Every structure is written in structure tokens, then in C-alpha cells.
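Chain lettering (A, B, C, D, E and F) follows the sequence in which the chains are written, and residue indices restart at 1 in each chain.
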């Protein structure tokens, strides 16, 4: 088994939900989702084997996008929606 | 591989959640969802190949509409629901 | 291709989330969901062809009801839940 | 076609999200979900034909319970969680 | 048909969302979800027949856990997150 | 049947939603989701038998990540997003 590197197993990369911009917040949302999956399944070979299956399946991509949307709700609220 | 153009890989087009109108907020919600998918799967050929599958399947369309609804929750809150 | 009429492609019919009553808010929630789908798939023939499939499938109806419930969360919050 | 009676097509039975108790709020959540489905599919015969399918399928019941949970979030917030 | 006992058909057991502890709030979340299902399908024999199917299926368990998570959001908000 | 140990059946490990850091909050979100499943299905042998199925299936992993995202929304709100 090739294990996901340690930095991929940190649950909240950077250790905070606060970001400078919506763009960075969005990147964090994607990162949070990915790291959850790395923690549930830390075997890189399994993850790579699954990628062709889900990354070419529209329904899988929609489901992944939904998780990102939910993570982003939390991050956007944490940042007061980056209102000026 | 034909790559999604760079502007399609920006996570938050326009760089802000604040919009002038609900209509623009809704368009942003759709755009956020689409750009997430472009970031997960940046190969345009794969995306185009998947479109006939999901765009003619009511359940896939419902799932896509749900992601837009979730994104819109965030954007609407960011804009205080465009209350006057 | 028979295209969804232009008014079906407006993302937020009426241009506002504010409604006089919960009943109207609920109708708007259904309308928002439907218009998202029209924007993703503007071909009326495809939409009509899909209807018998999803409108007779309880799981599809449940999924559609979930999208409406999520849209309604946003609209209800926008209207302060129509509290007196 | 046997049509769902008119009262089943009202989107918000009672016309308000405010209820006296959590129990009534929960009943309203179930009612909202059911009336959405009646509006999408007003043919009682189709609805009845689908019932054996979903009401005996645990995954369908879980999905239905999820819609009720989402509707209840809205109603509970509207009622300030019936805090004293 | 063996009917779910009357106490299983109460929608909000205890009649309140307020609990002394997060642990009790979590138990209430599970209970709310279960009672919704009892109300949709009050036939105990059908429920028992379905259990082996969903309780051994990881995807079904994940779906059930999601409903509990959504119910818990409401209950936790109602209790101001049991902050001291 | 090998039963999940008692500590795995506590619904809210630690008895509070308050954590010192986002990282700990995220770990709690994963823990809450896992403990829900242990309570629904306390038979360790069944849980272990299901793991190869879901831990190698991208769609199952996405679904699990979604539950964690929802739990985390609650925990992050409880902690005022760990804002300084």
C-alpha cells in the first residue's frame, strides 16, 4: 500500500477556516473534502484506481460538487462571506 | 486532452459572492458548481462525452439542480437576500 | 429542437426572493428548481421525454421534493419566515 | 386520471410556517414534502402505484425522511425552535 | 399487519427540541428520523423485513447517518449548541 | 456477533461540540458520523465486511465525505468558526 502523504491526512489544511478571498475559501472547501476521503481511505493506489471511474461519470462529478458546495457554506459563513 | 480554458478553472468567477441582483446571484451559483466540476475534471473531451448522459437523464438533472440550490443558499445569505 | 421559451430561462422569475406569503414562496421554490433545469437542458423535447420516467418513479419524486425543500429554505429565510 | 383533491395541491397547508408545538411543526414538514410531490405528480393512481415500491424499500424511506428533516429545519427556525 | 406502537408514531418524542446535553440531542436526532419512517411506513413487519437489507449495506448506513446529521443540525441550533 | 465496544456507541464522544481547533472539530465530525453508524449497526463483523465495498468505491467515499461536511457545519457553528 502506498499511503497518502502525511500532509494529505491533516483534516483542515492550514488549521483555520479563515481565508483572504472567496477563491481561497473555495480551494479550502475542495481541500477539506479531499482530505476527508484521504482519511477514510488512505491507500493511494485504491484512490487512483477509483479516479477513472468517478472522474468520467457525470453523476459522480455532481455528487463531488455537492460536497464542495456544502463545505463552502461553512467556510463562507466563517468568513462573513468576505463582505467588505 | 483538450483542457478547459483557464477562466473555467477559476473557482469563484469575479472573485466575490456579492451580486447586484438575485438573477446574477443565481447565475453565479450555476457557475460555481460548473467550475468545481471543471477543476475536478479539466478534460473538456471527457466533460463533453458525459453531457448526453446526464443532460437527458431527469435524475441527473435533479441532482445538478440540487447543487445549484445549495450554492445559491450561500450566495443569497452573502447578499442578505438582496433585501431592500 | 424545441427550445424552452425565454421566460423559462430566467433564473429568478420575478427577480426577487421576497414574496407576500409562504404559499407564494413555495411556488417560487418550485419555479427556481424548474428554471435551473431549463437552463441546463433547454431542449423541451428532451425534458418532455424524461417526464414519464421521473414523474412515475417515487425515488425521483422524492429527489425533486428535496431540491424544492432546499430552495424553500433560502426563500423562507429571505422573508424572515413571513413572521408577523 | 384520478386527481389529487384540491386541498392536496395547496403548497403550504394552513398558509403559515408558524405552529404551536414541535409536534405540529413536524407534521407540517411531512405535509409540505407530500404536497410538493402532489404538485409535481397530481395523478393519484400513479402515486398509489408507486407506494408499494418506495414504502417497502429502506433506501426510499431514508430518502423521504431526509426531505422531512430538511423541511423541518426551515419550520423549526421559523418558530425559533419553540424555545420558551 | 403488526403496527408500530403508538409511542413510535409521535413525531417529536418528548415534545421539545431542547435537551440537557449534546448526547441527548443526538439521541433525539436519531429518534426523529426513526419516527418519520414509522409514520410513513407503520407496518412493523415491513420495517423488520427491510432491516437486513439496509443495515448491512454501507451506502444505506451512510444515507441514514446523513439524515441524523441533518436532524442534529436543527436540534443543536435549538439548544444554542449547548454552549456554556 | 462481535459488538462495537461501548465507547463506540457514545453518540457524542467527549460530550461536547466545543473543540479547541478546527482540526479537532473536523475529527469530531468524522467521529459523530461513525458513531451514528455504530449505533444503527453495532455488529463489528458486519461493519468490517462492508468496508471493502464502500472504501474502494468513489461514490461511497463521496457520500461519506458529505455526511462529514454536514456534521462539520454544526460543529463549526457551535465554535463560532474558531474566529479569533
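Convention: a contact is a pair of C-beta atoms (placed from the backbone, for glycine too) under 8 Å apart; a residue touches a chain by one contact, two chains touch by 3 or more.
Quick caveat, the model's predicted, so the values are computed rather than measured.
**Student:** Touching both chain B and chain D, which chains are there?
**Tutor:** Chains in contact with chain B as well as chain D: C.
**Student:** Starting at chain C, how many touching-chain steps does it take at least to reach chain F?
**Tutor:** The fewest steps needed to get from chain C to chain F is 3.
**Student:** By mean C-alpha position, what chain is farthest away from chain E?
**Tutor:** Comparing chain centres, B lies farthest from chain E.
**Student:** What angle of turn lays chain D on top of chain F when you fit their CA atoms, given in steps of 5 degrees?
**Tutor:** Result for this pair is 120 degrees.
**Student:** Taking each chain's centre as the mean of its CA atoms, how far is chain B from chain F in angstrom?
**Tutor:** That pair's centroid distance is 29 Å.
**Student:** Cα centroid separation between chain A and chain B, in whole Å?
**Tutor:** Result: the chain centres lie 17 Å from each other.
**Student:** Provide the list of chain D residues touching at least two other chains, using ranges where the numbers run on.
**Tutor:** Residues 63-64, 66, 70, 73, 77.
**Student:** For this assembly, give the contact graph shape among line, ring, star, complete and other.
**Tutor:** ring
**Student:** By the touch definition, the chains form a closed loop. What is the full order round it when you set off from chain A toward chain F?
**Tutor:** From chain A, continuing first to chain F, the chains appear as A, F, E, D, C, B.
**Student:** Would you tell me which residues of chain B are touching chain A in their complex?
**Tutor:** 10-12, 15-18, 32-33, 36-37, 39-41, 46, 49-51, 53-54, 59-60, 63-64, 66-67, 70-71, 73-74, 77-78
**Student:** Going by the contact rule set out above, which residues of chain C touch chain D in the complex?
**Tutor:** Residues of chain C touching chain D: 21-23, 25-27, 30, 55-59, 61-66, 68-70, 72-73, 76-77, 81-83.
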